[in-house]
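Input: a single structure, listed below in structure tokens.
Think of it as A, B, C and D in the order they're written, each chain with its own count starting at 1.
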Amino acid sequence: MSRFDVAMFGAGRIGAVHARNVAEHPGSRLKYVVDPVDAAARALAERNGARAAPEDAVWSDPEVAAIVVGSATSAHAELIEKGVRAGKAVFCEKPIDLSLARVDAVLKVVEACGRPLFMAFNRRFDPGILEMKRRIVAGDVGDVELVTVVSKDPDGGLPIEYLKTSGGMFRDMTIHDFDMARHVMGEEFTSVQATAGALCDPAIREIGDVDTACVSMQTASGRIAVITNSRRATFGYDQRVEVHGSKGMLRTENVPQDALVLERADGVRRAKPWFFFVERYARSYANEWAHFVDVLKGACAPSASGVDGRNALLLAEAAYESLATGRRVAVPP
Amino acid sequence: MSRFDVAMFGAGRIGAVHARNVAEHPGSRLKYVVDPVDAAARALAERNGARAAPEDAVWSDPEVAAIVVGSATSAHAELIEKGVRAGKAVFCEKPIDLSLARVDAVLKVVEACGRPLFMAFNRRFDPGILEMKRRIVAGDVGDVELVTVVSKDPDGGLPIEYLKTSGGMFRDMTIHDFDMARHVMGEEFTSVQATAGALCDPAIREIGDVDTACVSMQTASGRIAVITNSRRATFGYDQRVEVHGSKGMLRTENVPQDALVLERADGVRRAKPWFFFVERYARSYANEWAHFVDVLKGACAPSASGVDGRNALLLAEAAYESLATGRRVAVPP
Amino acid sequence: MSRFDVAMFGAGRIGAVHARNVAEHPGSRLKYVVDPVDAAARALAERNGARAAPEDAVWSDPEVAAIVVGSATSAHAELIEKGVRAGKAVFCEKPIDLSLARVDAVLKVVEACGRPLFMAFNRRFDPGILEMKRRIVAGDVGDVELVTVVSKDPDGGLPIEYLKTSGGMFRDMTIHDFDMARHVMGEEFTSVQATAGALCDPAIREIGDVDTACVSMQTASGRIAVITNSRRATFGYDQRVEVHGSKGMLRTENVPQDALVLERADGVRRAKPWFFFVERYARSYANEWAHFVDVLKGACAPSASGVDGRNALLLAEAAYESLATGRRVAVPP
Amino acid sequence: MSRFDVAMFGAGRIGAVHARNVAEHPGSRLKYVVDPVDAAARALAERNGARAAPEDAVWSDPEVAAIVVGSATSAHAELIEKGVRAGKAVFCEKPIDLSLARVDAVLKVVEACGRPLFMAFNRRFDPGILEMKRRIVAGDVGDVELVTVVSKDPDGGLPIEYLKTSGGMFRDMTIHDFDMARHVMGEEFTSVQATAGALCDPAIREIGDVDTACVSMQTASGRIAVITNSRRATFGYDQRVEVHGSKGMLRTENVPQDALVLERADGVRRAKPWFFFVERYARSYANEWAHFVDVLKGACAPSASGVDGRNALLLAEAAYESLATGRRVAVPP
């Protein structure tokens, strides 16, 4: 089988995850790694049979079929535009941009160029979520009435320096949950209510962000979704989704780090969940890359598109407005 | 040990539960059962070594130390008043009344008479919740930051005739969840937001009620609680509470009807949860009666009082207002 | 509904369990409690609406339809014989006797008198085991090929004084597991192998008994069952049964004392199982009494008979022989 | 970091697993793949940056530090001998050989050559088993008294052609369980009892093998281990280990394929366990390779040696003798 050549932008934590999946997949090959920190680019490239390169090498190499955007958020929009203009398919980490206007501009360029843009909402590709979605579509729980997304970062997961430039919790963290709620609900949300506070860390309060929140949303037909967030789960990455329907409930549990049970006079102890996204969603990342290879082959359209990225951002904006005004905020169509 | 004589008002489903616990407890004895349906009163009395009697027999019998109010909601307020005026301690099913003004009037009478009023928020006495509260107080999860209460009635649990006079879902069903959220949070809520719909049953929509809801609340210090409700869980009574704190999380799971596991090529199957409150909370009802016997002995004050009943009702009223206005509604102190 | 009058022999721990079930069941009434310790008899009688009486009062009262034998093991055989000769149905705790010859003699008397003898193998009536048996019979796991019974007493569950007169672990404790293995296998065992040791307690070694064991058995058609035992489980009563068949597996898990989960940085903690048989098998005891009332009504034969008691004892004898000889021992038919 | 060059013998299912781990580990590099089927060797080599080669290329290449023996069982012994004589470290799939005499001869050669031989008892490196062993050594369950190993192959896991040359279930399948029991017990077994039958498949009966078994073993100090096996688990690979000790119990559960739960009126359904060893033990294989790289670095001795392979085989031989004679068979030291 021929393999698609791929260039990786960003040699950080998430870049390393994607680079390995690109290299391992029989349908793709990692050719370039681009990163402002040259040593990081070279190290990641070497481990995956690729080479570090300047950005221009990517745009000018016709063999590169696709780029993976895993660099800093501020660089996403421009890289997407350059990529599709150079005729590459784009696999992009969320978000496209923190500004809705900029997102709209990017999506126009993408549309004009006719190249696929896949937004890497990796959780959709978690084995449990894939099966959940399949069962929803198959009607196993009837009409979806109430969706619950629990999403908490582990204690010590992210440094305050990261949070300062993250765009705020709703745009940085809850964005994944907005997408998940949309994904399993199967109907757009028309209104949003939000409650939040900065309870975990004074440093988060000082930068004007929140760290604990509840966001509820409703669709035109009255269906409800609720997201709860915390930036500090001492027991690890808390990632659970529930879909309550007219015929039953689907829910995903956290995945323990091992299958050992210790039973003693003081109780029954199991392992805590995986610490964070690299471990918890290892299979999701591999699955989403396999999906993107199918997109490259022309076998399907991206299952999470730029519009999905935009719509999740719209919900984040509405949540901020509700937080400020105390009102139920309508989501623009 | 001497036993306190008790009179039971109401010979329906919940009356039967309490009557048995009164009769079985070594510190109490069921003496009278009062019910407008004479045959029901007599049947319940006979099974528990008591006798059916008219209401006046209770008020005029000085040996009756306490009454249990398990009759129709509309009779609660008057029975509490008559009870405390006759010098009896009162164990009362929620609510005191659906009208806040009437509740306030009752509480004044209770206070004036100086007799204990215990509001039967049975879930506080579930073994898992008792242990949860003990651990919260012991500091096992640090500061409580986020409380989640999932509460769903089973499909077919309640007839539409009952719902018509129930006062609406927030006053009838969510009232238990408001109390639970207050109980585990340990700080009063100052604001409420609500989202709801009638998705399960057209008959519920026709009587102007809702059957699916999400209510979020916040305390003065910023802590958050969220309640999700449905009137239709096909898998049984869904009763789960989560307390996320700075040092860890406590949560209760549903209790399966048996401990059998079937593993086959099509998956791993366990029993569904208990159908409804009589089975699910059997131990809670026994535990709360044991607590009330301690109150009768003078060993402690009621752990759930009339003020607890009133404050839960205040949250229900605020939720209705939020539902109507779309606003975050302040809870009066 | 009329109620069958019942006399209880034995006012100890298991007597108290049965007395309450007799008194509570709408089809039975506790009339007498017989125990050499008069105060114990009176206390148990009073709590259940009965009266303490000498043995002869039972035999001479034609209204007594049944006796429950919950006294010391050494008294079982004679009480069964007296009971059936007096025309009473007999509900008897295991064992009939520790001597096989004596058991055979008792069974002849029972047969001659034509009164039902129910052997109280309570675990058959555990909700999970009832459902397990129902599913085996329904063919849900196909042909049963391998049965595993894990059965461990809790640390501190039984005093050494009890063990001294128990007849040895295989006759006292494993006897329940022999019955369970027969019950779920549905085919008699023809050979037995045993391995055992005294590892938990020097006092058990001193009285010549064992406290840790593995017994494997095979049927004529080659099916296998294995029992593992320990007299010391620090985490509570360990009671699990597995049935592996050609189409799947059925297994029962231990039942935790509450449904609380604590998740922290040091792991995920649940409650340990119930401490011992009174709590763990509360429902089983109620279920088996309900079954016996059906026997009294003539609705069915005892589902566990004197022959079941005898056959379990035969397996215990074979296990002792295998332990002594190191051989696979044939079980007499 | 420099990387050790490795040659892989065998390009089948297990060869593919090891080849990937060799290639991915930062401390090793796959240089050669040797397989009688040239196309298989080339395909596996290409996917992992290596090249297909004849056997002699390995022996004559001084850069090859180690060989992995993943070829047919009949070739193991000779490859080990050739490997250590050529100065290579050897990582070998079980068994060394099906003949004990041949195993002894190989071990003498290994000892004479002074090169490390690691027996790939992969299950020791399962994350749950690693943690189990760590906790046993730390004393978390006190003295180990009773070990239970449940090990069942999935329905359809192995073709009859494989089974014909496997050496019989005890040498081919139970061998892993013998090693596991030794590993967690921490004391050698001195006697063995076995019961077995051919219940799953007439074809297995025809080749004179068994498919369902129970093997119990005892140590000199009286500790007991029991292994149960089946060649047909319809729900997937059943792999569970229990260690009951004086202070508590450790046990590993099966690992479900995803974390989805479906709750409906007909029960609560979770995913079945992973199908077979490649999926279930993916992490174990990676962990054991990482251990072997440490051996190559000289950081430690092989944690599972040729003697471990031999001792597991001794238990298999004793089990066959017990099966034939019905006796408890002593294990030679």
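Convention: a residue touches a chain if its C-beta (ideal position, glycine included) is under 8 Å from a C-beta of that chain, and two chains touch if they have at least 3 such contacts.
Given the structure is predicted, the values throughout are model-derived calculations rather than measurements.
Here C-D and B-C were compared by C-beta pairs in contact; the pair with more is C-D. Using mean Cα coordinates as chain centres, the one most removed from subunit A is C.
Distance between chain centres (mean CA atoms), subunit B to subunit D: 56 Å. For this pair, subunit B with subunit C, the centres built from the Cα atoms lie 39 Å apart. Residues of subunit A found to touch two or more other chains are 234-235, 247-249, 263-265, 271.
Remark: subunit A residues 143, 145-146, 148, 150, 152, 191, 193, 195-200, 212-214, 216-218, 222-224, 226, 228, 230, 232-235, 238, 244, 246-249, 326-328 touch subunit B in the complex. Interface residues of subunit A, counted against subunit C in their complex, comprise 155, 234-235, 256, 263-273.
Subunit D makes touch with subunit A in their complex at residues 26, 47, 49, 126-132, 135, 140-141, 247-255, 257-265, 271.
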